[in-house]
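What follows is chain A paired twice: with chain B in the first complex and chain C in the second.
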Partner chain A sequence: MPIIQAKNLSHSYGFEGKHNRSIEDITLGVKKGEWIAILGQNGSGKTTFVKHINALLPVQQGELTVAGYDATNPANIWAIRQKCGMVFQDPNNQFVSSVIEEDLSFGLENYGVPQSEIPGHVKRALEIVGMPGFEMKSTHMLSGGQKQRIAIAGVLAINPDIIVFDEATAMLDPEGRQEVIGTIQRLHAEEGKTIIMISHLVEEAVYADRVVIFQQGRLVAEGTPEVVLSDVALLSCAGLKPPMAVRAYHDLQSAGVHLPTIPLTNKALVEAICQLN
Partner chain B sequence: MSIELSRVSYTYSPGTVFETVALQEINLTIEDGEYLGLMGKTGCGKSTLLQLMVGLMQPSRGQIFVDGKDINGRDYVRAELRRKIGMVFQYPEIQLFETSVEKDVAFGLKHSGLSKAEAADNVRWAIEIVGLDYDKIRSVSPFSLSGGEKRRVAIAGILAAKPKILILDEPIAGLDPKGRDAFLDLTQKLNADGVTIIMVSHNADALSKYASRIIILDSGRLALDSPSKDAFKDLARLETLGVGVSQAREVAHLLSQCGFQTPADIIRYEELQPLLLSIARGGHL
Partner chain C sequence: MKSLPTGIFIPGDSPIHRLDSSIKLLALFITVVTIVLVNSFLGYVIMILFIMMIAMLSGISLPVALNATNKLYWFFIIILLMNTFFYSPEDAWFSFWVFTPSMTGFTYGLTVVLRVFLALVISNILTSTTPPMEITHALEHLISPFSYVGIPTGQIAMILSIAIQFIPTLAEETDTIRKAQMTRGARFDSKKITQKAEAVLPMVIPIFLAAFKRADELSVAMEARGYRGVSGRTKKSSRPLLVGDYGALLIVLLVCLLQIALRLINLTRTY
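And then the complex of A and B:
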């Protein structure tokens, strides 16, 4: 049984002047331990969809189960939130306290973790995000990238089965981004976490097991990164761009040079070219 | 419209346990019409530097001159600075507060001296130029927008005032790929019209393509200042500075590791493409 199963899920915020549904008829099953990347233009419904998985938005229409819990039943909200942690795109709205240790402890206390175990969880979470020893620092003193890493630590501390990253790397420097992606890879490969990752960087979607594309509230395509990210027509139709390596593959192709497979990464591109020679 | 920083240092919360030295002895001149990319790892002082340039904070030591005038001097007219410089903050969407998109974008024009009609024109222009549908979005509440849409509105609010110097702190994070390209193309067009652009970004692809000069900060010090085509040559040094390189530069480097000779100043796809072709065809050493 899939850990997340959405059937014909639709949602409308019902604001004046906004008759359109923000998501429309979304059907998607996610297997336990799967890593899903969601791509799509601004306003295409990505955040709206994942907020359902975390029970931040109520199900208006359609069906949704998360980790065996029926999300249409309001009694399950807290159980679902415990199973599914979420890292948002705006790090400034994710803190409850200005001292990092207090901030991270707050979430743990909420979920009933014994006081004596809290410092250990906090320490480990900070280590995973590459900020050991930041317990007593103030969140106000952090620059953008550092804040985002603390937010991720806050979710990791609670140890949910599913972790949703809504553009969590958007503000990070290359090092920070690599740490976060590396962390996601570890959580996925070693701890069997189910990962849902929204990103505007197509290069990050390469790591996922499956890529899902949203367009104007609808799920318009899904498949392996190899299939979806090399489909230039599909991507362009959804307002997206393929990785540079795919662009290079097609440019070489039209100049009469054929690579055996379509490379998604720069490394794969260079390997393919080197093997030609 | 030059900006000159002379031995600028900045320390947050001096004399307390939170004391943080954010900038040290920065000397820097930015000429009229430049397109400058500012890079460096998280916490290196980029946002601090920008906030000093727009006069939001005063340097702990040193001076900042805009058009030759000390902006922290006793008789400097602050309104002058506000008219010349527009800044898009790192998280611009948190500054949205009006009840409609149109009002939000118009807010910065309140004391601009523009007539009502002129202001309305600017607002419409700015909303459309960031890729939003004016008629559809003008009366919508900014709080009911997606992340990327909010960012576009916040950027429009700055553009509406048509500043001569545009300072952008991570403006493209959160924009979708097309929105990103469109916004960068817009900055290029503004720059061609004489607007000075100063942009902080971790996106080396964007800065390699658009900026003509790159500055890198490292722990509050100026670590590199050079034309963009030279800025990305020394990969080992960039790694210690925590700065990434463009995809084209990365591919050129990977090719050189395979034994092909590749110039170290390839930073854009257009420069890489012919090289890829000649290597793939086997005609390259």
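And then the complex of A and C:
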């Protein structure tokens, strides 16, 4: 049974008496331990969809089950939020305390975790994100990537099964982005977390098990990164640029250089070119 | 290496760090009231020595203890000058146009500056030695009696704590907006007050919008992490009061009583 199951999910935002459909008829199942990358232009409904998964938006139309809880039942809101954590774009807007230990304890305190157990959860969360010993450090002294890893640790402290990343790398420099992607990879591979990752950067989706494309509130395509990210027509139709390696593949193709497979990463592209020689 | 913003918690194991946060907050309140009560030279000497002793015990370096006052020197000078020139026309040294400089005004101005200075330093020591969430819990604890009349004390404490914590972030944002406006011709460096005011006004709306956006995002992030008010929440750190906590409070109360006694005796009264 999927850990997330959305069926004909639709949502509208009301503004000045008008109702704008933000997502329409979304049907998607996510298996436990799966990594899903959601791609789409601004306003395509990605964030609206994932806010339903975290019960931040009520289900208006359709069905949604998260970790076995029916999201249409308001009584399940807090249970769903405990099972599904969410990391947002700007780490500065997620901290409730400038002291890391206190910030990481926030979620645990909200769920009534006994005082004696809190330090253990905090320590473990910091170890998972590769920042042990940072308990008493100030968030003001961290780099962008470190801040976002602390935001991830804040979510991990509650030990959710699902973690949603809502453009969590958008405000970071390439180094910080790599730090966060590395952390997500570890959470997926070593901790077995189910990952839902929204991104503008198509390159980040290559690490996912499955890529989903949203366009004007509708789910228009889904499949493995190999299939979806190499489909230039589909991506440009959704207003997205294919990964650099895919673009290079097609450029080489038109220049008469034929690579055996379509590479998704720069590393794979280099390897494919080396094989030609 | 980034510098620490003013008032940020600095981890440590000093006697002040170890004190219960509710006691510290209560002691701060009493100390600030005492500072306002002081009206004699001897009283100020006692208060300065007392705050210096607290600063030494806290292990906070002098520049850090004073950095809350660093950007306020102009404010202090203006307060001093305004009091000197306008406060007491009766015993003025001389009179020129609207200016009536007097010793009484100068002394009163100095008193106001000293009071603000000492209150800022002692508040800075509290925030530098107490983690923000402990301040929230302490505040919540101290104002909890108001919850019996329906006031949401837990939420108020959380709002205040987060507001204080966001000051450095908003200051950074203000600086960014200021620089962005400067690149588009705003004249913050102008010596003309009218031009300065003209440059500052367009900054107000972006600063407010940024603050509202941050508040909105933070509230969503807090909800996503299970925040639903104070009911059912546990506290990471809470311990029973120790002898040291009572001792610290007693010392602060004694200093306060001493100042009240000095005020009543009216020894070497300044203001």
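Basically, the second predicted complex is superposed on the first by the 250 of 277 C-alpha atoms of A that agree within 3 Å, B and C clash if a C-alpha of one lies under 4 Å from a C-alpha of the other, contacts with A are read in each partner's own complex, and residues count from 1 in each chain.
In this section, a contact is a pair of C-beta atoms (placed from the backbone, for glycine too) under 8 Å apart; a residue touches a chain by one contact, two chains touch by 3 or more.
Keep in mind that this is a model prediction, so the values were computed, not measured.
Q: Applying the document's definition of touch, where does A:His200 land relative to chain B and chain C: first, second, both, or neither?
A: After superposing on A, A:His200 lies in contact with chain B but is clear of chain C.
Q: A:Ser98 in the overlay: touching chain B, chain C, both, or neither? Say first, second, both or neither.
A: second
Q: Could you say whether A:Trp78 touches chain B, chain C, both of them, or neither, answering first, second, both or neither?
A: Second partner only, chain C.
Q: Based on the superposed arrangement, let me know which partner A:Leu56 touches: chain B (first), chain C (second), both, or neither?
A: Only chain C is touched by A:Leu56; chain B is not.
Q: Count the residues of chain A touched by chain B and by chain C, then name the partner with the higher count.
A: Looking at chain A, the partner in contact with more of its residues is B.
Q: Given the touch rule stated above, what does A:Met141 touch, chain B (first), chain C (second), both, or neither?
A: both
Q: Looking at the overlay, does A:Val257 come into contact with chain B only (first), chain C only (second), both, or neither?
A: first
Q: Contact-wise, after the overlay, does A:Ile118 reach chain B, chain C, both or neither (first, second, both, neither)?
A: It touches chain C, and chain B stays clear.
Q: Under the contact rule defined above, give the chain A residues that sit at the interface with chain B and also at the interface with chain C.
A: Touching chain B in the first complex and chain C in the second, residues 90, 92-93, 138, 141 of chain A appear in both lists.
Q: Any idea which chain C residues touch chain A in the complex?
A: Residues 2, 4-5, 8-9, 11, 131-134, 158, 161-162, 165, 168-169, 214, 217-218, 220-228, 232-238.
Q: In the complex of these two chains, what residues of chain A are touching chain B?
A: 13, 15, 17-18, 40-43, 47, 89-90, 92-93, 138, 141-146, 167, 170-177, 200, 202-203, 239-241, 244-245, 247-248, 251-252, 255, 257, 259, 266-267, 269-270, 273-274, 276-277
Q: Over in the complex, which chain A residues touch chain C? Could you list them?
A: Residues of chain A touching chain C: 54, 56, 78, 81-82, 85-86, 88, 90, 92-99, 101-102, 105-115, 118-119, 136-138, 140-141, 154-155, 158.
Q: What residues of chain B sit close enough to touch chain A in their complex?
A: 12, 18, 20, 40-43, 47, 90-91, 93-94, 136, 139-141, 144-149, 152, 170, 173-181, 202, 204, 242-244, 247-248, 250-251, 254-255, 258, 269, 272-273, 276-277, 279-282
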